[in-house]
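To keep things simple, chains are lettered A, B, C, D and E as they appear, and every chain counts its residues starting from 1.
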């Protein structure tokens, strides 16, 4: 949208532009991420120094707590429990939600019938779903993960449905004419068009799931970061809460930088890069 | 993706198809929504009849509680408080999130710097943000709404960023050549392309915001649906919880059917309808 | 109340037990009688009142002394006046074969309030000392939200549940019996009498600046307690606030009356200090932070004279 | 129904095809359009811009079912259809080569395509994505896709637009080779009369919208005789018959 | 720098333009391309498909800055540029009329465009969305957009492809009217030699990729004399000079 080099330069002086070399390996993202995190820590440290408050400990204190919790093994255990729940719920929610979303987006009739259900499930408070799940299926791991998935599925459906509605019909027509098999259609026609929607649903999905997992753990599990955070919340130990939170964020960040971004760069390399 | 009428019909019999009239006024969606809700109630009634439990009251009982709460004026008051908070946080989150998301999607350099911050804020538990907001800014309405917005903004950013990344460069180039003003570029080139992403962020946004508003009300407000729901949770009155939930869902549904869907149909009427 | 009467903002759970007492104060105008005006601010959760207190939005909340001590040792000038000695208990069904702590081994136990809950620590401590049992490891422990655990106990999914006292009272009215209370454990571990688990919590600075108002509030509270102790009619009036009827109301009433603190403050403080040491042992740094002793001044000094 | 194996023609018999635009305008694209193309024949559709040629092809391809009338595809061996759309319609997220191979039936996926890339001047472009092609190159890729599938029926919508004469000539020859190599029924839309006269057995001339057949021009001359001078003669003959249309 | 008001030409002097494809292939599109178009002149670019014509236009339009070399746009009154892209590039979510009016400078937004729609045969299509147009109609809409803006510089990338001869002829005449009505410098890409000879003052003939100028053909003949027989003569003259290229 930047029109900086539009042809509206008033002076008729000759325009010159040199070829720019594009060196975008892995070094650049890593360096930029490091700089970014450093800047964040600095900002945080400054802010914590300016408004000292028990509710806002400086980074070093959080780091100390983090090390302590890690040394005691608690951090590892609870983090692992939470990660496993997040991963399981994520897989269930993305698979079920994507399939439902794409189907609804393609079938106008079904969509207008099921839309009210979708609105209902979208707006059911996590508390309600979680409590009902625990009541019906017992205080089990399956109930916990199921409840989280049910909370997230409507969000995935809504996003993927928009994607399916925005599909370009010409590609589907080409596929029909050349009789691509169903698998080929999905793999080569459908999935690439839905990729940005999937990425959006996926990113905000993981975050939402993790937040609901926290509630699930608070309401009826005996392990996990949510359980710990709540424990520390009761004694108002914000440094410990942040330590657990940041440990999870660090893992998410590592996944993002080492796995998701390279994959995404690869999946979207066909897009014309803006000059 | 349905290839049902691909040219792979083995029999060389003449193919016939009659013109189909397309009557898609307002009557059809309304009827379909009514049928859908009826079906849902029936299912719910059946299920509640089959597994009677205090945690899963039948629809009629919830309806009775709803009427009672409405008659006492409680429902109206708490619903209004929650709706106002949801609306305020929604506006703030969508505006800030869309602007940030589009900027990040367009500027690769800024994106790779701020991405870690985004991941952090995306994964900060609602609890942490809400408590910090309350501690810093006091138990005020502004702190509550701000905390909700901060929770939601990263989600909007993530979705709109995908949208900005998937922008078709040809339209921007056309706009550059014909020197469209910034406002025209935004209105006629940018916004229509981002519409599906905005719709996705918006729908799942309202839902997420309402869920966080529940937590905000639980942690530090003396009114609102979240306050009521949590109260009823302590005496395990699921019928009352559902009554409050469904009252909110009903309003969302009304907005969806009467406002959002007609608007959306209008905004996307240019899309080639699949035959 | 006269318009000039000092206002006291008290944050409570709307359906919580403290609200019963505050409702009695308001209804019988005990606040006006003592020259103050109590303003009740409702919250949906205990944590909400804690946050509100730390955010400076309230004058008085109800919380437990351990929390106050910990906050004090970290620099907050909170202090407390006893409110109730009622504590949680492990409840089992009347028909349950569980008769004592050793029977809990291998059973599914629901625990409200998390692994650092005071009652849970005390009962664990007792089990270890008297029976050599580590309940945390030898029982199948499930932590969870109090209402959910109550429901699960009723439905039979849990064999035993340790819950807050009013949940216990309601269970008692629905075919449950007390297996062991946290107060029993405290006594067994060395407390000389019931210690107020909960107290009205306020800032010392506020109390110093408004000594009359603070004292008047304590008096109003005492008057309300007296009325609730003696009048069954008052309880009938309170029934909609308590959200209980019949047998359930009676059990709640009796347990409430049992929980009214009757001992001099100094005695309570001494026992609390002792319990603190025990708890510091059991819960470790996680529970109490770096302070190995109860913070001096946790109990409001002004009440000792 | 014809006995199996008989040479059933491509038969088009469309009473009416109407579009309703999003803004409510009704557009009659076809009315009373009917013609036949014999099996193995090469026919051209010639008609003014916007008259309904693409609409006709879309109906025959089964992509548009909302019309009144009927049609019948010629009976053939594989019944495989290939189409060159008016715009290239390549999948932007697949390379040129992947786009072409994807359209092949699974058993042909690994077929040797070097000769095809060579003729089309795409050898250097196999690994490019469509957004990295010029329009002419993209069209050639779309042609490659259609030719590679060895179709029994071939629909072409202005396949040689935006190509320079030299390249276009080469590709016309290639089209003839592909068409002649196996019994292929072909229907091609074009605006280029000389091209039509060079390639077609018969030319179906359409009226402006709503399209119906104005007349059919049978090119009697064998293909190998259609050299410059005789082509000029055909052109003037055509102009004599359809003086007021093309 | 030229004194203001002087007739500065369109000057192109591109040393090299290289693309790096996503798969790492390096494609040199232009190398040593340099030519001039005098102010108010109509020039055509003629060259094989894929040689780099569109790339050149994109550079001149300021859409691609990654090249080595320089260029200079002619100095003129409004300096307003209009372009007809090789594909129509209409905003799919705006109607034909909205698409055209949007491209106008704000003061002209409400201008009377009926005559333009009439000539282009778009009158019935004003309220349609681009997806409801045939390709030919979409091209005409893109032409209307360019003509409506009253540009000082006009870039056209194969504007008359996929139009029937009759429509194309009409539009060529329209183009001449628009170009002549005010001092407009025009640069048009085409594959159609006759079209180039009919319209241009000079024809810039390009080599295959990497494009550079093979030669410049000045069409001396005044436009009103370019009738069928003299055009035939020009064609053969052109072929004589560029025998091995076009």
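Keep this in mind: a residue touches a chain if its C-beta (ideal position, glycine included) is under 8 Å from a C-beta of that chain, and two chains touch if they have at least 3 such contacts.
Owing to the predicted nature of the structure, the values given are computational and were not obtained by experimental measurement.
Taking each chain's centre as the mean of its CA atoms, C is the chain most distant from chain D.
Shared numbers divided by all numbers used gives the overlap of an interface; between chain D and chain E this overlap exceeds half, so the copies present the same residues. Here the largest set of C-beta contact pairs joins the chains A-B.
The greatest centre-to-centre gap from chain E, using C-alpha centroids, is found for C. Distance between chain D and chain E, defined via averaged C-alpha coordinates, is recorded as 28 Å.
Here the CA centre of chain B is 41 Å from the CA centre of chain C.
Between the CA-based centres of chain A and chain E the separation comes to 47 Å, rounded to the whole angstrom. Within chain B, contacts with two or more other chains are made by residues 5-8, 55, 131, 135, 176-177, 179, 189, 226, 230, 233, 269-272. Shared interface positions of chain D, i.e. residues touching 2 or more other chains, are given as 22-23, 61-63, 81, 87, 129, 132. Counting partners per residue, chain C has 47, 54, 145, 148, 151 as the residues that reach two or more other chains. Within the complex, the chain D residues that touch chain A are 61-63, 80-83, 85, 87, 89, 91-94, 98, 102-103, 105-106, 129-132, 145, 149. Of all residues in chain D, those touching chain E in their complex are 19, 21-23, 25, 27, 47-50, 53-55, 86-87, 95, 121, 124, 127-129, 132-137, 140, 158, 161-168, 191, 193, 246. The residues of chain A lying in touch with chain C in their complex are 54-55, 131, 134-135, 138-139, 218-222, 227, 230-231, 233-237.
Listed in rising order, the residues of chain C touching chain A in the complex are 47, 50, 54, 67, 70-71, 74-76, 113-116, 141-145, 148, 151-152, 155, 157, 286-287, 289. Partner chain E is touched in their complex by these residues of chain B: 170-171, 173-174, 176-181, 184, 188-189, 192, 267, 269-272.
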